[in-house]
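Following this line, the structures themselves.
In the two assemblies presented below, chain A is common to both, partnered first by chain B and then by chain C.
Here is the complex of A and B:
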């Protein structure tokens, strides 16, 4: 192989590396900044320090802010609530759409597909009034329910796909033996689609954990019901001189569960996001 | 007709309403089967009613009223006597309407062309033509912007664009003797708005194109090579024609998604700098009706801006469903009558 050919073979890799450079640089700076006194560009100024991580022990941005653990608990509860409800309701509905014949089934399925393509973010103004009417404005439950509702069409579609792929022999045997539909669903079918459930659960958890727009819109400020994203964002806006060190440390802290999924469920992630992604442009 | 009968016919257990089948023997059994269906369906029906149907209706009604923070609590926006189309004529007469329209078109088309479609296809082509593991690795890295919490992701970009000496890009520009070290979000906001959104959006097309390209039978590519086609010719004349449906799907889906997305713009520039420099249609609706900073919230007027996006959204989603033959996915269930 000539030198010229070798250079040509390098071009695709060069494009790939350049294309992922911003995000790599961003992550590099995030880590650097949280452990250094100060940074200028990508250069550290001062010494290695752990002081930016003191937020783990005391409220980071002064009094009046809730402690990080309170906020982390809120975020976790919202994400966990969302995961459980989305998986449960999608699995129920997906099963019915895949296996039962009832009036309105076809219409509901088309509706699910339309809603899946429909940008739910345009309904935020209407949702605001629904939450107020239900007395759920400025509550974690309200935030969780809205996110569950918006995630529903995708979840149903995904779950129906998984149920369609399950052979119905076992199910038929169980039904003939006198099991009820609900028993069949829970004891026979759900165990066979565990990978699908895992995929939807991971997707729902990450979107609940990361969410900013919906918690920000339906809660007031960074109070006791704040989530990590709202907390972190509030922090950047309010103080005149942003304490970049603490902000990056809190940001890294928020990234921990996402990083775990990123490292351990790579195949699953690439699969989910082919069907699941529609938000965020 | 029994279940086993159906199996004998095709091997594939596909049953449809179009086939004749026995009606359940008693009314009790019929009711029973419906009850099961509703037990399974009711949670989803409730959620979709609460968070899709009612909001759409509320939004429509609001857009006909003049509800704002000044008359909130006293104004009966739900009474038809208080309805009019004033908000819509107000939109048409808005001093900045051409600005918002122009911004939206520019943002959607540029981001779509360069990233959500362009980069997605390019990266999909490259990562399917290099070493498999390396390809997988780079695709995974491309997922990072989407997986990163948006607040943290925007935090990184703010730092990348910040003024000297803090800004990362400015550090390199200064070293090279270029640029005055100003905050780049002030001097070139659109560049960042487009890159920031594009890097998130491209992963959607990337994953879909990748699986489409990998599904092309190897023989076709080999045949093309044997015939002496160069890599570029193979891409142009074999690969792209074979993935035209995924391409159409990504283009339409991402157009709608970009048209209604504003979270990253809100975080990055807030629609600025200055007066509406990067304010897109969806962000305008949000600012009018849901932003608490201004103190003068106009739910009615903001809702009218949102209704226009909802109409486009419903129309587009319905059309995709027909174009992409979603109807075929709506086949009859496999077993019901036992």
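Here is the complex of A and C:
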């Protein structure tokens, strides 16, 4: 290979590295500034310190506010609730939409698509009144249900797509082998679309874990129901100067579980496009 | 188990999948549903399986109406073209799945599955996943799974279509042998007339959702009742030409431009009433020999044992099976001898046989 050819080969890499550089710099700054007393622009000034991480030990806003652990638990519960409900309901709905013929099926399908494209922000005020009427305003359950509702159209479409990819023959074979409809769904179809379920579970969990708008709107301030994102916002109070060091530390703290989650599930996620029905030809 | 279909019909809105199918299958019989794609053979099979509900008509197993019986309670086994193995289960789990659903104890399940797997020659592959098997092995697993619960009726939906030609040939023999040994009543759906002819005791030929013929293979071959059956059964297919049949001096002659043939009296007398008819003659009943009908060789296709020669007599196209040693060449003039002993005549309008109806 001549030098010239070698240089040409490097060009795509150069372009790729340059395009992700801003993001890498961002993460680098995030980590760095959470351990530094101060930063100026992107550059750290001063000494290494752990003081920004003190929120782990004592509530930074005084006794009226929940501790970080309480907030983390809230966030986890909401994310887990969302994952379970979204996956279960989407998997059942998607199966029905993919396999059964019932009146209104077409209409339901288009409606879900429209809802998926619908900007949920515009529904916030209406939802507020519904929640208040149901006595669910300022509760974790209320927040969880609203988030589940907003995630459902996406989940249903994703699951329907995966069910569509499973051959009818496999389902028929299971029925003839002696399975009931529910057994077919649980023992034969669901295991073959595992990558799809994993993907939806991960999306749902992350969207629950990172949710800000809905928890912020349907809970009062940073009270006992606060989630991590809402909690994080307290550091950017309107009256005092923003403590960027603490903001980055809390941000990093919020990032850790998601990163760990990704490390363990990335194989499944990468499988999404190669999964589905094998075995047949 | 005996199977009877009476006026079996399946409609989706205006579309008719199967249209008034009537046929009876004897205990232990091997019946093939033969027809081109979209003829309703799979639809009919799925109604027998209980996957589709008939729009009209009845299905009887041993005299009992099973229209509303669910697939799992029909005690049937089915093999699919796609094999339809469960990709997340091992071979053992695939084969024993029907037994597991019957809540059979684990030890018994293991034994039964092993027996069936050994019979299918896949006893040493029990721990593999389907993705790690060849097409032929997957097919054996699918067969094993359909047999393990000792069904009273076996259904095959084009099971060999995804295999390569050689494997198809050997599996054809194996399935036929297996069916005979086990004596399980079987329905075999295929679009391949060779498969139907070689394997089945009786063949149901279907077209556009209707049953065209239901008879033994040799009867379909020798005594086709419709033009469609005559053209569909037999390889290479029968030659068809428009002729005028006349009676002259006590003899029956079939004439077209450039062709003048003497036909047997018992067949000719049935065609002469109609006059203008469609004549059918199989390629093996035509030969290349001197002193016959003159024509030109259009294409020669060597098949190994024979050459398939396409001869044109004016606008008429005749396929002939010829001995390769004759050295036929494209473009040459040639002469054809017709053996009219097995000649067929069909009504051009109704496409029904003038001889066998």
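By definition in this document, the second predicted complex is superposed on the first by the 229 of 281 C-alpha atoms of A that agree within 3 Å, B and C clash if a C-alpha of one lies under 4 Å from a C-alpha of the other, contacts with A are read in each partner's own complex, and residues count from 1 in each chain.
Everything that follows uses one rule, which is that a residue touches a chain if its C-beta (ideal position, glycine included) is under 8 Å from a C-beta of that chain, and two chains touch if they have at least 3 such contacts.
Predicted model only: the values in this text are computed from it and were never measured.
Peer 1: Which partner does A:79 contact after superposing on A: first (chain B), second (chain C), both, neither?
Peer 2: Neither partner.
Peer 1: Tell me which partner A:184 touches in the superposition: chain B (first), chain C (second), both or neither.
Peer 2: The answer is neither, since A:184 touches no partner chain.
Peer 1: Counting only touches as set out at the top, which of chain B and chain C does A:36 meet: first, second, both, neither?
Peer 2: neither
Peer 1: Tell me which partner touches more residues of chain A in the superposed arrangement, chain B or chain C.
Peer 2: Chain A has more residues touched by B than by the other partner.
Peer 1: Using the touch definition from the top, say if A:159 reaches chain B (first), chain C (second), both or neither.
Peer 2: Once the two structures are laid over each other on A, A:159 reaches no partner at all.
Peer 1: Is A:170 touching anything from chain B or chain C once the two structures are fitted on A? First, second, both or neither.
Peer 2: Only chain C is touched by A:170; chain B is not.
Peer 1: Quick one: is A:249 in contact with chain B, with chain C, with both, or with neither? Answer first, second, both or neither.
Peer 2: A:249 sits against neither chain B nor chain C.
Peer 1: So in the superposed three-chain picture, is A:192 touching just chain B, just chain C, both, or none of them (first/second/both/neither)?
Peer 2: Only chain C; A:192 stays clear of chain B.
Peer 1: Using the touch definition from the top, say if A:146 reaches chain B (first), chain C (second), both or neither.
Peer 2: So A:146 only meets chain B here.
Peer 1: Which parts of chain A are in contact with chain B and also with chain C?
Peer 2: In the superposed arrangement, which is not itself an observed complex, chain A uses residues 167, 172, 175-176, 180, 277-281 for both chain B and chain C.
Peer 1: For a test of understanding, state which residues of chain B touch chain A in their complex under the given definition.
Peer 2: 3, 13, 17, 33-34, 36-41, 43-45, 47-48, 50-52, 54-59, 62, 111, 116, 119, 122-123, 126-127, 129-130, 134, 136, 138-153, 155-160, 165-168, 170-172, 195, 197-201, 203-204, 207-208, 211, 253-254, 256-264, 266-267, 282, 285-286, 289-290, 292, 299, 302-303, 306, 309-310, 313-314, 316-318, 320-321, 326-327, 329-330, 332-338
Peer 1: Spell out the residues on chain A that touch chain C in their complex, using ranges where they run on.
Peer 2: Interface residues on the chain A side: 167, 169-170, 172-180, 183, 188, 191-192, 194, 277-281.
Peer 1: Using the touch rule from the top, collect the residues of chain C that touch chain A in their complex.
Peer 2: Where chain C meets chain A, its residues are 46, 49-51, 70-72, 74, 76-78, 80-88, 97-98, 101-102, 130-131, 135, 138, 145, 149, 157, 162.
Peer 1: Which positions of chain A touch chain B when the two form their complex?
Peer 2: Spelled out, the residues of chain A in touch with chain B are 12-13, 15-16, 19-20, 22-27, 29-30, 33, 39-43, 88-90, 92-93, 95-103, 105-106, 108-111, 113-130, 134, 145-146, 148-150, 152-153, 156, 164, 167-168, 171-172, 175-176, 180-182, 185, 206, 209-210, 212-213, 217, 220, 228-229, 232-233, 236, 244, 247-248, 251, 254-255, 258, 261-262, 266, 269-270, 273-274, 277-281.
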